[in-house]
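Supplied in structure tokens, the structure appears directly below.
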Amino acid sequence: MRKEVPLLITFVISIIVMLSRITTGPVPVIGISLPELFEEYISPWMTVVSAFALCLASVNLIMVHSGNISRKRQDWVYSLILLATLIIYGAFCTYVELNPNNETAAANYSLIYNYILSPLMTGQWACLAFYVASASYRAFRARNLEATVLLISAILVMLGAAPVGSLIWSRFPTIQQWLLDVPNMTGQRALLIGAAIGSFVACLRTMLGIERSHLGIGGSS
Amino acid sequence: MNLMEKMQNVDTRIIYIVLLIVLSVPLLRPIGIPMQISPMTRAVYDIIEGLNPEKDVVLLSMDYSPGAGLDAEVCPVAVVEHLMQRGIKWIAISFGTTDGPMMTNRIIADLEQRGYKYGEDFANLGYMAGEENAVRLFALDCLSVPTDVRGNKTSELPVMQGIKTIKDFAFVIQFSMGTPEMWIRQVVDPMGVLFATGTVTVSVPSIVPYYNSGQVKGVMGGVSSAAQYELLCNKPGRGAAMMDAQSMGHLIIIFFIALGNIGYFMSKKGKETPPSK
Amino acid sequence: MTLVPGNIFGFWMFVVISAIVVYMIRASENDRIKVSIRPIPGLEAIEECVGRATEMGRPVHFSPGLGDIVSTSVPDTLAALQILSYVTGVAARYDAPFLVTIRMPNVYPLAVETVRQGYTAANKADQFKDNTVRYISSDQDAYAAGVIGLMHQEQVASSILAGLYMGEALLLAESAARLGVMQVAITASVMQVPFFVAACDYTVIGEELYAAGAYLSNDKGRLGGIAAQDYIKLIVMALIILGTITTSFGSTFVQELISK
Amino acid sequence: MQISTNIWQWIAVACIFGMWSLPLYKDNPFYRVCQNVFVGSCAGHAIGIAIGNIVHYGFQPAIYESQLHLIIPIALGILLYARFFQKIAWLSRWPVAFLVGVGVGQTIYSSLRSQILNQVIAAMTKFPGESIGATLNGLVSIVGLLAVLTYFLFTVPQTKFVTGFAQAGRWLMMVTFGVGFGNVVSGRLSVLLGELLKIFGDWLGMI
């Protein structure tokens, strides 16, 4: 029961969903077509269940940090700040979502979103530009032939992609476009096909219940 | 410590400050280096030029978060500007991230100030959970979204009249921070809609195979692409403002790579041979 | 119930390759076929990594990546855990100090179990300590910062990064390179490979990750899966060559067949 | 130059500098506060949107449009949280199995169709091409594609030809990764530039 039911759910649901996109006409016994079954039931269900799943990480976060606070672990003050923002933000956002007609609340929420959350997020990402700069100085050494090839094509792309490149030499944009369209496209296509094959096999293993570690039931069978 | 070792050991904070200065100067004093328009960007422009403002409605799938900053945001702004110039109606919806509706609201707030009407010229249908599955559900039945972000019934929005499935949209464009597999797998290949994508600079190389195969009809990638688009529309905006600084940024990064490598090779010469690979 | 046009070839291809996959997995499990995987240079370097750490008397660091076990990153994370099992064995054999850092709470118990079993299998259960596997943070940047801090503190000699990586890969690899750490990166995250190639001593790319997992763990079912992937790839390559030949002679027969 | 008098602009800039203080200075309490507010508010936002979706797509149609079958996903959704109670933790496997089932069903066939077969069709090239350049490009594409795919063949006998061809594939991939790296530099710089534009433009009023 504990093992078989989840494996059965995965198998049946995945077969229905897969076939629902490539078949038409009613299924002999149940009298309803698979696309209809998918559209009327499975798909709306999925929307609801995934909405529940969205909260899961947040609940985990609440548990970890409330634990930090109650045990007064090192830096628990920061955990308190985190929890407080989470609760205030969560409550405010929920109110706005459930009362879409209240324009004042929505406008205030936008203010907080645009001037606190969004700059924090972008600020964090912008740090990566700093790291790229220090990495290009410290780590990107032509330490072997492969790294050299990589660096040369990277520099050609950088020169071609920026307007200044064409001032230095008018052919840089052409070279960049060629690198993008021919070698890059080829390499990406091969990686894409390879990744799709890998993912196909992984999906099949999951579908058939050979792979079950995501359910916390042992390793592979 | 000799010069070569010094060249290898510049404090990272000095690197950061140099970077900030090099980027700031051209931002404040742009020189206006002319740029070339990439065929992938032009393709998006041509598609929108070919639409009929009388009857065509465009769907924007807004799947980026504020994290990617202007690199993600300038493309949709430029495209929406073009749509408004041509008087084409559009609808936005989000599948990839819960931040999508807020990003749409930013664009809408600006348009409303300029006198465009919510509900008639455009609408924001909000976020739908379920990622790939939600894309397919929406494509099969666009009215499966009960209300928009302002609580209006979707079926009663003027801009939604005549829209039942994804095929009723003349053109679909996804703005994201990654690759458009979700749309290609669920909608483009099985249902055959006109589809293009706008993404961040980082993801462009991974999309080229889909452009080459015709699954994606146009690709916009980040600031440089948006700047080109603004140029095509004759309306320079934030994308164009950043291009000179972008150029300088590329040059300084190349300089950093060169500096690091010169130091590396010179100091390697002096020492014993390094461990073999 | 009938097939929608445009999917006929696809459906039968699905049936055929699924059959190949299932057959290969079963055949390999039942020892009806023996699957051997080509050498993957980066993997040979793992032993060198551990040996180097032993000589220097400093720890080896291992990270199973940022992936979880409940999302699309499952295969990457599972492969990383299989590699972890192998690395633990080598570390136990060399008596090298060992350190594993974890980002995802879900992965933590699996990693602890893997390392414990690795030491037990090498008859060195006493070497397993409570702080061998450390949970750092589920936030990717905080995780990277935490790992870099640890590398400084513990004076790590070599580092093995396996599994799924994102933007902070750059941070990890660059900081470690600066400390003179010998690094092997094993990842299928295409976007991060450039940074690893530039900053690490060895980089194992793309699907090599999954193959490495199967190869090092010697799980027969998985090895069968890898062999099946090879057959699918060969089918794909044959289709491409066939299509190119027919197209060059002016026929679009193959394209039409696939689109059926 | 006209510094903004809008308090919100000041808060936004403080948030940006808070995040930047880590690379530009070092770990400090201000950064830690920003970091924790950031993680907390993201989680809060996700909770709000999730509850909105649960109500709009779950409870409302179930109650007002009497779509009673929606009780099933609501129950499954609640079961996801069983994992926090040891005795019934195993029940949370059911909704996970459902989510995984839909996910697998959605991707397994469509990845075969969109990412394998359609790319295979696109890879088929006509020889000779319209010009010498096109022919050469076509040759690079097709040979390169086969070479990279060969590189990822693990179980075929490694003859000299196979290893040599695979090595060529690895070189091609290095060029691909170089292109990727160039774009990463460009992209990361754009994000930073966007921030500078906000600082100089919206806050300091210098642009």
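To keep things simple, chains are lettered A, B, C and D as they appear, and every chain counts its residues starting from 1.
Keep this in mind: contacts are C-beta pairs under 8 Å (C-beta built on N, C-alpha and C of every residue); 3 or more make two chains touch, one makes a residue touch a chain.
It should be emphasised that the depicted structure is a prediction, and the values quoted were computed from it without experimental measurement.
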Of all other chains, the one whose Cα centre sits farthest from subunit C | B
Chain pair whose interface holds the most contacting C-beta pairs = A-D
Per-chain C-alpha centres versus the global one: which chain is nearest?
-> D
Here the gap between subunit A and subunit B, centre to centre from mean Cα coordinates and rounded to Å, is 17
Computed distance of Cα centres, subunit C from subunit A, in Å = 19
Rounded to the nearest whole Å, what is the centre-to-centre distance of subunit A and subunit D, using the mean of the C-alpha atoms as each centre?
-> 4
Residues of subunit C that touch two or more other chains: which are they?
-> 7, 10-11, 17, 70, 72, 190-191, 194-195, 197-198, 206-207, 229, 233, 236
Hey, what residues on subunit B touch two or more of the other chains?
-> 12, 16, 19, 68-69, 98, 128-129, 133, 136, 147, 190, 202, 204-206, 209, 212, 224, 246, 249-250, 253, 277
Send over the residues of subunit D in touch with two or more other chains.
-> 22-24, 35, 39, 45-46, 49-50, 52-53, 57, 61, 96, 100, 102-103, 106-113, 115-116, 119-123, 145, 149, 152, 170, 173-174, 176-181, 183-186, 188-189, 191-192, 194-195
Subunit A contacts subunit D in the complex at 2, 5-7, 9-18, 20-22, 41-42, 44-59, 61, 63, 75, 78-79, 81-98, 111, 113-132, 136, 146, 149-158, 161-162, 176, 179-197, 199-200, 203-204, 206-207, 214-217
Touching residues on subunit D, where the partner in the complex is subunit C | 22, 27, 35, 39, 96, 100, 103, 108-109, 112-113, 116-117, 120-121, 123-128, 142, 145-146, 149-150, 152-156, 158, 170, 173-174, 177-178, 180-181, 184
Subunit B residues touching subunit A - in the complex, by the definition given at the top = 10, 12, 15-16, 19, 33-36, 38, 65-69, 98, 102, 105-106, 109, 128-131, 133-134, 136-137, 140-141, 144, 147-151, 190, 204-206, 208-209, 212, 224, 243-244, 246-254, 256-257, 259-261, 264, 277
Of all residues in subunit C, those that touch subunit D in their complex = 7, 9-11, 13-14, 17, 35-39, 70, 72, 139, 142, 145, 190-191, 193-195, 197-198, 205-208, 211, 215, 226-227, 229-230, 233-234, 236-237, 239-241, 243-244, 247-248, 254-255, 258-259
Interface residues, subunit D side, partner subunit B - complex | 23-25, 45-46, 49-50, 52-53, 56-57, 60-61, 102-103, 106-107, 110-111, 113-115, 118-119, 121-122, 176, 179-180, 183-197, 200, 206-207
